[in-house]
Amino acid sequence: MSIATVKPISQGARILSYAGALLETMDAALASHANAFIMGQGVDDFKGIFGSTTGLAEKYGAARVFDVPLMEEGMTGVAIGAALVGDYPITTHIRADFSFLAMNQIINLASKYRYMFGGLMSCPMLIRIVVGRSWGQGAQHSQSPQATFAHYPGLTVVMPSSSQAILDMYPAIINRHPGPVISIEHRLLYNLDFTVSPSEKRVPLTSYVAREGSDVTVVATSVMVLEALRAAQYVQDEAGISAEIVDLNSISHPDWDLVAASLAKTGRLVIADTSWLEYGVAAEVCRQLVVRDPRLLRQPPAMLGMAPAPCPTAKSLEDIYYPSQHETVDAILTQVKGEGHGIALPVERSMTEGYKRFRGPF
Amino acid sequence: MKDEAIYRRLFRTALLIRLVEERIIALYPSDKIQSPVHLSIGQESVAVGVCDGLRPDDLVFATYRSHGFYIAKGGRLDAMFAELYGRTGGISGGKAGSMHLTAPEVGLMGSSAVVASTIPHAVGAALSFKRRGVDRLAVAVFGDGATEEGVYHESLNFAALMKVPVLFLCEDNGLAVHSHRPVRQAYRLAEHAASYGIANRRVEEGWDMLAVRRATLEAAARVRAGEPFVLEIVTSRYKEHVGVGEDFHFNYRTKDGVDAWKGRDPLIVDAQLVEVFRPELEREIAAAVAFAEASPAPGHAELLTDVI
Amino acid sequence: MSIATVKPISQGARILSYAGALLETMDAALASHANAFIMGQGVDDFKGIFGSTTGLAEKYGAARVFDVPLMEEGMTGVAIGAALVGDYPITTHIRADFSFLAMNQIINLASKYRYMFGGLMSCPMLIRIVVGRSWGQGAQHSQSPQATFAHYPGLTVVMPSSSQAILDMYPAIINRHPGPVISIEHRLLYNLDFTVSPSEKRVPLTSYVAREGSDVTVVATSVMVLEALRAAQYVQDEAGISAEIVDLNSISHPDWDLVAASLAKTGRLVIADTSWLEYGVAAEVCRQLVVRDPRLLRQPPAMLGMAPAPCPTAKSLEDIYYPSQHETVDAILTQVKGEGHGIALPVERSMTEGYKRFRGPF
Amino acid sequence: MKDEAIYRRLFRTALLIRLVEERIIALYPSDKIQSPVHLSIGQESVAVGVCDGLRPDDLVFATYRSHGFYIAKGGRLDAMFAELYGRTGGISGGKAGSMHLTAPEVGLMGSSAVVASTIPHAVGAALSFKRRGVDRLAVAVFGDGATEEGVYHESLNFAALMKVPVLFLCEDNGLAVHSHRPVRQAYRLAEHAASYGIANRRVEEGWDMLAVRRATLEAAARVRAGEPFVLEIVTSRYKEHVGVGEDFHFNYRTKDGVDAWKGRDPLIVDAQLVEVFRPELEREIAAAVAFAEASPAPGHAELLTDVI
């Protein structure tokens, strides 16, 4: 399925799925960087991390793309050791939740090595973790730990929301970034098609305006950027509201001035994140704004995230656990027109049903 | 009791598991069960042999692949189907789904979808039993892949040091998702366990419910006497890792191994006995499915309960 | 050394160190709760987790207070298993940093068990983790992960800042709280003496006003509460400024209305936390306030936390890495009087030198 | 070269380690070194025997207790003292301190204060060497306690599977802080390693630098041929776990064991040779301390550099 693209298809543009963009960048990493390698459970099997590594083991050999035992902590430590001697390791976790088993290596070691040794050590590496959602992923296959990782200096945390974001960021990360990067990919995005253009010169590893507008600012992450884009179109069509959407994109190093500038223009804010609001991205957005000027906010912002509970498995609960398209639109309308805005809300509920019927099994 | 009577009892339960999972396969395209399912078809003999070798109040800590253990331990069938359907009548009101079956009333403790994560739980329960002088044991059920995780080492070491009544029960289907054991493990489980001084045994005939039951009884007796034990049962997963299909066409494994196993599978070989039990079991299942269908879906009232 | 107590010593009051309060509550837990037990590396040795478990193994026996191998993940799993069958496990980590090795069990299991099983399972337990600071603890022995844990529903996270907070909270946690609790204790507090009173009826597991005031609100956590109290006294004496101090105390479930009410009164805010500001407690405080009303903040708040880097070992760097007393006072003065307030700042630098010369080794 | 010449070389380095740490003890009350120090006094023979058995470009991954390995591998003494002093002239400009010594120019890689955490790093470096066809090996240095952590199991298994050139070097001082090995370990390291098919050896005479060196040479030869190896060296920690004092009065261990060890300790027994080298070594140390004293403390300019 094709996603609404903001601009008309330009010169050299093409359609590329999120998984396809991942596969291209993984392939390019191995082709261009003699010491790059990919390891993770199942990276060399026929499913190839949802199509993002398929065929690479055959193309580059088992020394460069290989399966590992169940050993999240050990694997991450192995990656650090390889990075310390000049390799560029790329590791994968098919669910972000499993990265908690590697937390010690990620936070206590990788994020600190450069500073702790006064610049003598460095471990550039890419840790790809996939957020699960829908089809009964349940409490242990659905977490989105961007705030957790971004709290720790030394880590760079990104959440690409489109194929373009991957094409723009991954080569920059792999070829030039000096430290460990955690990329939080979203399972619901993998099978979506996006228009990508070679000419787009997005500044990588920071935030950007995904849609320009003047009435309200929506700061969004990952799949919520798509939800926001859809909602923006709806409120434009139904209520003539012009919503500006900022894709935070980098969670550890966002362009906060960009966010503040948007707020200065609109004065109204909706934050849409893939995790819990408490101690999450929404909190840091608020902090950055009030540190600049509390008056940037003319009224309390609206915030969309997971309900304050572990993720339930039942579909009926999951549907109300995640913010729906309905709620996203309502939040924007309420910011601009106030409670009781009287504008009809869309019926579609969420990404899950809106763009793709994600049917598992995984 | 004669072996024959025991065999019939075990067979009936094993068949129930298989028929339940076949019903799940049949239902799956309807999207009534919207959650990942990890089928144990081919592995039923392990669950029934083990659970029959335990006492009712022994506790089992299990995994995402636990339809078999849930049923073998005596969990309610209607509550199970309602759980898979994500309904309020489910064991956990739909919050758990297939990956997190539990039935504390019959000793099936929490099942986790994080590989190896319940292994130390069984050790902890056993530690408690020992301190309180309670004559119960705890069983950690896990797959062969789970033994690769660091926590397996930590759990074995601690259990051996503290001499707690825990049975480590490994279902060795030779696969972790699509990876074969030799590319994942440099060790053999028996020698590895022995290096901690933990008694152990490997049962190659995992299709044989009575053999599994006997091995469990013997292991459990030693565990009750106050030492951990590693019991490894070789078995075979017929279906794909997760989901209801077959996956031989992906060529990561051949059909031969599974076919050889099927040639000994009592639920296939003993076709006559299947027909003896099938009608009543199908009725049980139909009733459970009907219960699930009639059970209401949870909603706003349930979303934020039981968080803390 | 004795800490400034807000009120005069009242009826039945006595002096009790932080470590002493911990030891009393650990002792009471074992005495009153037949199934309570304590396990952790070194809990039964002569150092007894900095004096907080000393002598308990002798008193209650090795079945109730025992050493464990190095196995953070395994130990936490063992605790969960014991809790599931009715025990009350108390585990310890002499540095909070080591709890990252148990992250999987804490976040993926303990925090989710009750909800994930629809209330059928529960694992009440207490995880005590100690934050290191000073004497060259360095990057791996100094982290304070309250924001990380508080992001995950199902966990209760507290940071007792005094002996009274321990006496008030721990019995309530151990005897009545249904779920897993992480208590983040601060190493610098252990050897400090506090006045404790049996009559103080503080509502446990939430926030409270540690000092009343009217000009500025200081929201603080853990050892920063003491820094704030000291600074408040200084600005009172030197500039007649009345600072109100809210001890957040509970990080997962603070009394946000209390914080907002204080802000409504003062309009000026200083946040002082023991961790990094980014995605930390400071962020959530800002979120909670702007959700209520951005106008609660008459100006940008001041924030004190660790510098955005791993903790350096050198004393000269550590001194500027943590907020000093100097900076705390300056932040309060600047909030009230503006930049260039012209009031002399104190010379003492921080807790480390102010209250105690912490000389290690550990 | 004759054994005698080798012995003198090793002895000199071992003595340097001891004298450096004795200087640290003497300096400590002055608070010039404000950081936890984990002394290796009593364990010097391990560091010098091992490092002498390696090639200069072999890499060592170490722990918070690594003054010995830093010096034995050839790290600069002045930069070490400056590091302990927290000065800009320190190896890492004072950001590392005693617990995180490093000297990449001579192959001492990052030392971590999280027990067992650098073990997989050595495996990762070895994996890289193997893939690139480089004839180097990586050594993971760790204490006996470290082997209890899950990551040790994961690292052994992976190293054995991938057949990478890594030497697992365990300094067995029988203690983890104040806990004796029998209350922590149900396994013996040799049997445990063997269960992964990893060749191994335990050297009881850890005071004997030449024996340690020979064992290392033999082990290293096997590792270079393409297989991991677990080498365990028994040793003795004379001082408290962390800090510069003795701790026999706390009665968690007796003085006897340490005294017996001291009876064989070449740095004590061979008092004549001590006096041969002492003057020049003391001069080296004095110069290094002077360097540290003269080195400026880092400040605002350094606080936020090298974060990413």
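Each chain carries a letter (A, B, C and D) given by its place in the written order, and its residues are counted from 1.
One rule holds in what follows: a contact is a pair of C-beta atoms (placed from the backbone, for glycine too) under 8 Å apart; a residue touches a chain by one contact, two chains touch by 3 or more.
Here the structure is a predicted model, which means the values were calculated and not measured.
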| item | value |
| --- | --- |
| Count of contact steps on the shortest path from chain B to chain D | 1 |
| Whole-Å gap between the CA centroids of chain A and chain C | 32 |
| Rounded Å distance, chain B centre to chain C centre (Cα mean) | 42 |
| Between chain D and chain C, distance of the C-alpha-averaged centres to the nearest whole Å | 36 |
| Residues of chain C engaged with two or more neighbouring chains | 68-69, 71, 73-74, 97, 101, 104, 108, 115-116, 138-140, 153-154, 308-310, 312 |
| Per-residue multi-chain contacts in chain B, two or more chains | 90, 93-96, 100, 112, 114, 148-151, 154, 157, 161, 183-185, 307 |
| Chain-level touch network, classified as line, ring, star, complete or other | complete |
| Chain B residues within the chain C interface of the complex | 59, 61, 90-96, 100, 102, 104, 109-110, 112, 114, 117-129, 131-132, 138, 150-151, 154-155, 157-158, 161, 305-308 |
| Contact set on chain A toward chain C in their complex | 73, 97, 100-101, 103-104, 107-108, 111-112, 115-116, 138-140, 143, 145, 147-148, 150-154, 252, 275-284, 286-287, 289-295, 297-301, 303, 308-310, 312 |
| Chain D residues touching chain B - in the complex, by the definition given at the top | 148-154, 156-157, 160-161, 183-188, 191-192, 194-198 |
| In the complex with chain C, residue positions of chain D that touch it | 31, 34-37, 86-87, 90, 93-100, 112-116, 145-146, 148-150, 176-179, 183-185, 240, 242-244, 250-252, 297-300, 302-304, 307 |
| Touching residues (chain side chain A, partner chain D) in the complex | 35, 37, 63-64, 68-69, 71, 73-87, 89, 104-105, 108-109, 113-121, 153-154, 156, 177-179 |
